[in-house]
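We call the chains A, B, C and D, going by the order they appear; numbering starts again at 1 in every chain.
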Amino acid sequence: MSSSSIGQRYVFTSFGESHGRCIGAVVDGCPAGLELEEKDIQKMLDLRKPGQSIITTQRKEEDKVEILSGVFRGYTTGAPIAMVIWNQDQRSHDYENLTLRPRPGHSDYPAYVKYKGWNDYRGGGRFSGRLTATFVMAGAIAKKLLTQTIGVDTYSYTCQVGKVKMNAQAAPKTKNSIYDNEVRCPDPKMAEKMRSVILAARRSGDSVGGIVESITTNLPVGLGEPIFGSLESDLSKALFSIPAVKGVEFGSGFYGSTLHGSQNNDEFVTKNGRIVTKTNNAGGILGGLSTGMPLILRIAFKPASSIAKKQHTVDVKTKKPVSLIVQGRHDPCVVPRAPPVVDSLVSVVLADHALRAGFIPSVIR
Amino acid sequence: MSSSSIGQRYVFTSFGESHGRCIGAVVDGCPAGLELEEKDIQKMLDLRKPGQSIITTQRKEEDKVEILSGVFRGYTTGAPIAMVIWNQDQRSHDYENLTLRPRPGHSDYPAYVKYKGWNDYRGGGRFSGRLTATFVMAGAIAKKLLTQTIGVDTYSYTCQVGKVKMNAQAAPKTKNSIYDNEVRCPDPKMAEKMRSVILAARRSGDSVGGIVESITTNLPVGLGEPIFGSLESDLSKALFSIPAVKGVEFGSGFYGSTLHGSQNNDEFVTKNGRIVTKTNNAGGILGGLSTGMPLILRIAFKPASSIAKKQHTVDVKTKKPVSLIVQGRHDPCVVPRAPPVVDSLVSVVLADHALRAGFIPSVIR
Amino acid sequence: MSSSSIGQRYVFTSFGESHGRCIGAVVDGCPAGLELEEKDIQKMLDLRKPGQSIITTQRKEEDKVEILSGVFRGYTTGAPIAMVIWNQDQRSHDYENLTLRPRPGHSDYPAYVKYKGWNDYRGGGRFSGRLTATFVMAGAIAKKLLTQTIGVDTYSYTCQVGKVKMNAQAAPKTKNSIYDNEVRCPDPKMAEKMRSVILAARRSGDSVGGIVESITTNLPVGLGEPIFGSLESDLSKALFSIPAVKGVEFGSGFYGSTLHGSQNNDEFVTKNGRIVTKTNNAGGILGGLSTGMPLILRIAFKPASSIAKKQHTVDVKTKKPVSLIVQGRHDPCVVPRAPPVVDSLVSVVLADHALRAGFIPSVIR
Amino acid sequence: MSSSSIGQRYVFTSFGESHGRCIGAVVDGCPAGLELEEKDIQKMLDLRKPGQSIITTQRKEEDKVEILSGVFRGYTTGAPIAMVIWNQDQRSHDYENLTLRPRPGHSDYPAYVKYKGWNDYRGGGRFSGRLTATFVMAGAIAKKLLTQTIGVDTYSYTCQVGKVKMNAQAAPKTKNSIYDNEVRCPDPKMAEKMRSVILAARRSGDSVGGIVESITTNLPVGLGEPIFGSLESDLSKALFSIPAVKGVEFGSGFYGSTLHGSQNNDEFVTKNGRIVTKTNNAGGILGGLSTGMPLILRIAFKPASSIAKKQHTVDVKTKKPVSLIVQGRHDPCVVPRAPPVVDSLVSVVLADHALRAGFIPSVIR
């Protein structure tokens, strides 16, 4: 399988480069009969779009999606759905001096070695965060499919920036307030503090990391497969494809490893005739399968590698030390733009599993 | 692709159940010409074997591997290598009362729903930690292949049990001392403290979680693929297949998300004519590709779900509450048995990528 | 994906060698709840077994299958079903002189080059017709699954040996008589003539080719996928894996290419309330999808390469000409042993598609 | 894997519909460093383009390809190469009455059932022969890659139309004359006869079938994999994706099944220091692996289903009989436009295998 593709039944292929003609996505396996128009996808792309506030990159991209195939008279046909966004505001000259002087924290160096210099290095090329817009194209469709067929819904939000963190998970009722602030944190007070941390980093020519939390409600019981098809396996594979992600955990995660079984086990109870667990340290997954409880995961983003401070590197040809100030327009913190990307990849993986397990049929109407 | 399989060029398929006739593995894509006998695999299986000390389960299994195919006159042939271990010490009656009374923290409940009761529930069946022995079968071959062809080596160890943790990464020179103690921690003082934590949990009929750290040295630069074939994607997919794993992080991981870019970026320098980084917060991976620095990852294990304490659950038929004391022989902490499993899966993924990228040819001799 | 595996939802992996310890199969993705015991598979293996008559090889193999996993209390569990047959009657010394002297018509030469001599050449190793017994293991389960869930049934038979051919397709009612004769031809008169052709070839130390025809009834409409997932694509991929197969055609096939559209098109009519076609030149497939009419295909087998006559070859080391008389026990015509193999692969492919399209659910009971 | 994709290392995904906005292809896995511009692809597309002569469809399409990604400064980068052709001369109204009245010999009926009417039926939609232009996009790149790296070359030609056939295979030296005539037959006399057969069919509102033969020279020995990765398996899977193909055979094929082993076996000899076979009834493949002899295959095309004659069908809603005259502009014989398509798919499969086996590296320069 191509390393630009993911999924078995809902198969998503990403193409394009940061400063090439366009970026695009092909989704194959979306059931026929789903009402779909460009604005369904555009809405979600707009939440990720750069240049929306002072705490994100100032690159201006409308990120206007065009559907090229797979939709006929407003409904999906069962054929592959190809989509593109034409790039607009590239400033490739910012990158000319980077070819031979790899930026610390970036893919430049291993990519140069791997491709012997043939890769399109402009703006990070294939390794750019810009490619996450293709994840959103595929994810917006998956999210709509899941909601409309089996009522599954995913929402993700910034839960930590630097050392500032929310105290608790966001309840479903707060999901509509996530996009009320630039930080994408449903707790407005914490959002304000996080914003200050990002602005402080920006002012000092630096960047800062953070954590996104993602919650999915209304999953059927038994989604996922044993061993290598576990939900955790497939979700983490997708999520680690987001540039800057360096950690993924489910439920009590790393904290849970400090506990005793008697503290971490979730006891089963019956509630309104349904079998549920009292607590949800498992994050909604046992044995790789969904338990019917909310799916909870957290994703650690490193601080963005592109900073305005002077850094040291080496010239890959001469191997001599050189210093470097990264030009270009960059996010001082990538986390505020990540929630729609996380929603998207979670939806892509869950749609794939829901189709594989027959929870969603190949023609939905 | 089957959810019991992983890999594109080094393809590993796992089969068997905890209390069935056997567990087994098929490895396809191992290059021809690798010297291989059963004892190469047995050595690594012995490190994972149950019943070795008071801090692990008392189930006795010799875990003696038999190679069924793919090896001729002591060398691999390029054909699939099938292997089995015949199960010996099942005590399935311990599980008879579990079918309808799902154990908290176990796959019992979602598996029951998914398979409508047809799954082999004995000892967790397909979801049992016992299946990690099949990972070791495939991994021992991958590890030997990597070492013998391109000198890549992986070592993993317990770095935390409950709240007791090592202060620093283990240097390569300590790798031979990992198996000197039952805990599999290269720091003998910390190992002793961890052992006490496990024994305390055991005495109180409880279990405790922990963390395994894994280090791989001598990787070539540029292993891995962009987007969904990133090393982090493929490694995490494999590692989350281990039962009880709830978190995976690379390099500075979750901690790194609290830092600034100027703190977390690894600057490039030249050392002995090679381009390296001064620090290694990236854990040896940038843009999903290996940088040539050591690959560093950590895996969070939840406390084992099977505890001797009374717990509450419900009967899946009547939906009435019932209490439960888990019978059977279980690990009070699964972490000490995990390092060879982690080594194995890391090796399987790296061998796959090394073959895909041509670092290892299809016939090695 | 491994080249020893086929399928997306019903995934079959084959392992073993002709003269190794065993041959085996792993089937993953078989739904839970199918009643299955070894004799279900044995029955079909017995139809393929060598040494049954004077017109087949005299190698004696009981071909007794053992199920190693995936079945619990007489029903499939949804876990991978591993199976083995232990080899018994190898006479490997017959092959010792073949390593460096490739047999005309055999895989010996390209396999030697590909594996640089590391492959297990005994009895053809991985390339032996003996591996088709693993196809039958996977196929017997697929066939039972198809019959029991959606009533699909496949029967295959010898329709040509050398130049002797049946005049018409065999009607479903004759399917029970296919195994009444050694040739596996439902027309007893033609069977007798074909038998004479095979015996004549045998007597002269020669071999003869032939054709198998396969018919599948009761397929639902719309099985298969556009483009690369067409039924013809997936069936031919499977069938060309049988050693000695050099041609595959569907419906009017090669003959159809001599016709006009007005002759070859099958007009639609309504019959008993169902839409059917008057003729079936399409062989039950249009646009890669099943039409609901019988699926009809024909497979051309070359004459077996192993003949007792003296042949010329070269020594691969010295590149000098040498002459060769192939030792060992061989089929003078492989066609009579092929029908259960064809049934098997057709069933494997159709079961895969039926699962992918949701005609068969993941738990069938 | 998506049914719109093929390949493991050279992965080609096709999208688009006959009368949609565009048709397109994404190729992932093409090595970095291949010189590539649109005209490399355009040249081959022009050979397939409709409207070129009186014996093909009169639909006018420029079929002008645009490369959207994966090429930088005139060389491939190792990233996915996305390409599109914008559709121009659709006349969809010709198809309005076809939705409910399936054309004999077309995918209309099973597609209607499969997609419950949601599919884009205009011009056959996803099932149209027009999609073979996407095969050429992917194939032109594969062909250039093979030629430039390992000197492998494929040429295909019309060898039979109706009952008129060439007597012998075309020698490599004739390959440049294939496109000298509209029929794409390297024998000008036979080409003239074939042209008459096609024109006669056209005049009578009918169509006619035919056969394409394909020859590939200079293959290395040992390409292909045992069992399901045999060259025959992968080539036939690709070739049966071409609409109207109903048979595929290699070497002596169906005719070979009438022969004796002593006639069909190809004896090995040494020629100019290379081991070759005296004859080539195997068509260059033994045991699924290339022998180094020319790869020879033949593909049977049924007569085009769209004919101007009145035909009978049924209304899928009322199930009442109706008569039908297929409107639109159609090929009276699809064979003359098929050779570049066959070249393309053969090249795609061989490039994939050459990359898998390491004959072509991931960066070629």
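Quick note on the criterion: a residue touches a chain if its C-beta (ideal position, glycine included) is under 8 Å from a C-beta of that chain, and two chains touch if they have at least 3 such contacts.
In this text the structure is predicted, and so the values were computed from the model without any measurement.
Engineer: Give me the chains shared as neighbours by chain B and chain D.
Structural biologist: The shared contacts of chain B and chain D, listed by label, come to A, C.
Engineer: Tally the contacting C-beta pairs at the A-C interface and at the A-D interface, and name the larger one.
Structural biologist: A-D
Engineer: Suppose chain centres are the mean of their C-alpha atoms. Which chain sits farthest from chain D?
Structural biologist: B
Engineer: Chain A to chain D: how many Å between their CA centres?
Structural biologist: So the centre of chain A lies 39 Å away from the centre of chain D.
Engineer: Just curious, how far off is chain B from chain A if you go by their C-alpha centres, in Å?
Structural biologist: About 26 Å, centre to centre.
Engineer: Between chain A and chain C, what is the separation of their C-alpha centroids in Å?
Structural biologist: Here chain A and chain C have centroids separated by 46 Å.
Engineer: Can you pull out the residues of chain D that are in contact with at least two other chains?
Structural biologist: 1, 3-5, 8, 14, 79, 114-115, 126, 226, 357, in rising order.
Engineer: Which chain D residues qualify as touching chain A in the complex?
Structural biologist: Touching chain A: residues 1-5, 8, 11, 13-17, 20-24, 26, 28-29, 32-33, 68-70, 72, 75-82, 84, 114-116, 118-120, 125-126, 363, 365 of chain D.
Engineer: Please output the residues of chain A touching chain C within their complex, sorted ascending.
Structural biologist: Per the stated touch rule, the residues are 1, 8-9, 79, 226, 356-358, 361-362.
Engineer: Touching residues of chain B toward chain A in the complex: what are they?
Structural biologist: 1, 3-6, 8, 14, 102, 104-111, 113-115, 124, 126-127, 131, 160, 162-163, 201, 206-211, 221-222, 224-230, 232-234, 236-238, 240-241, 243, 245-254, 256-270, 273, 275, 277, 281-283, 286-292, 300-307, 309, 311-314, 316, 319-321, 357
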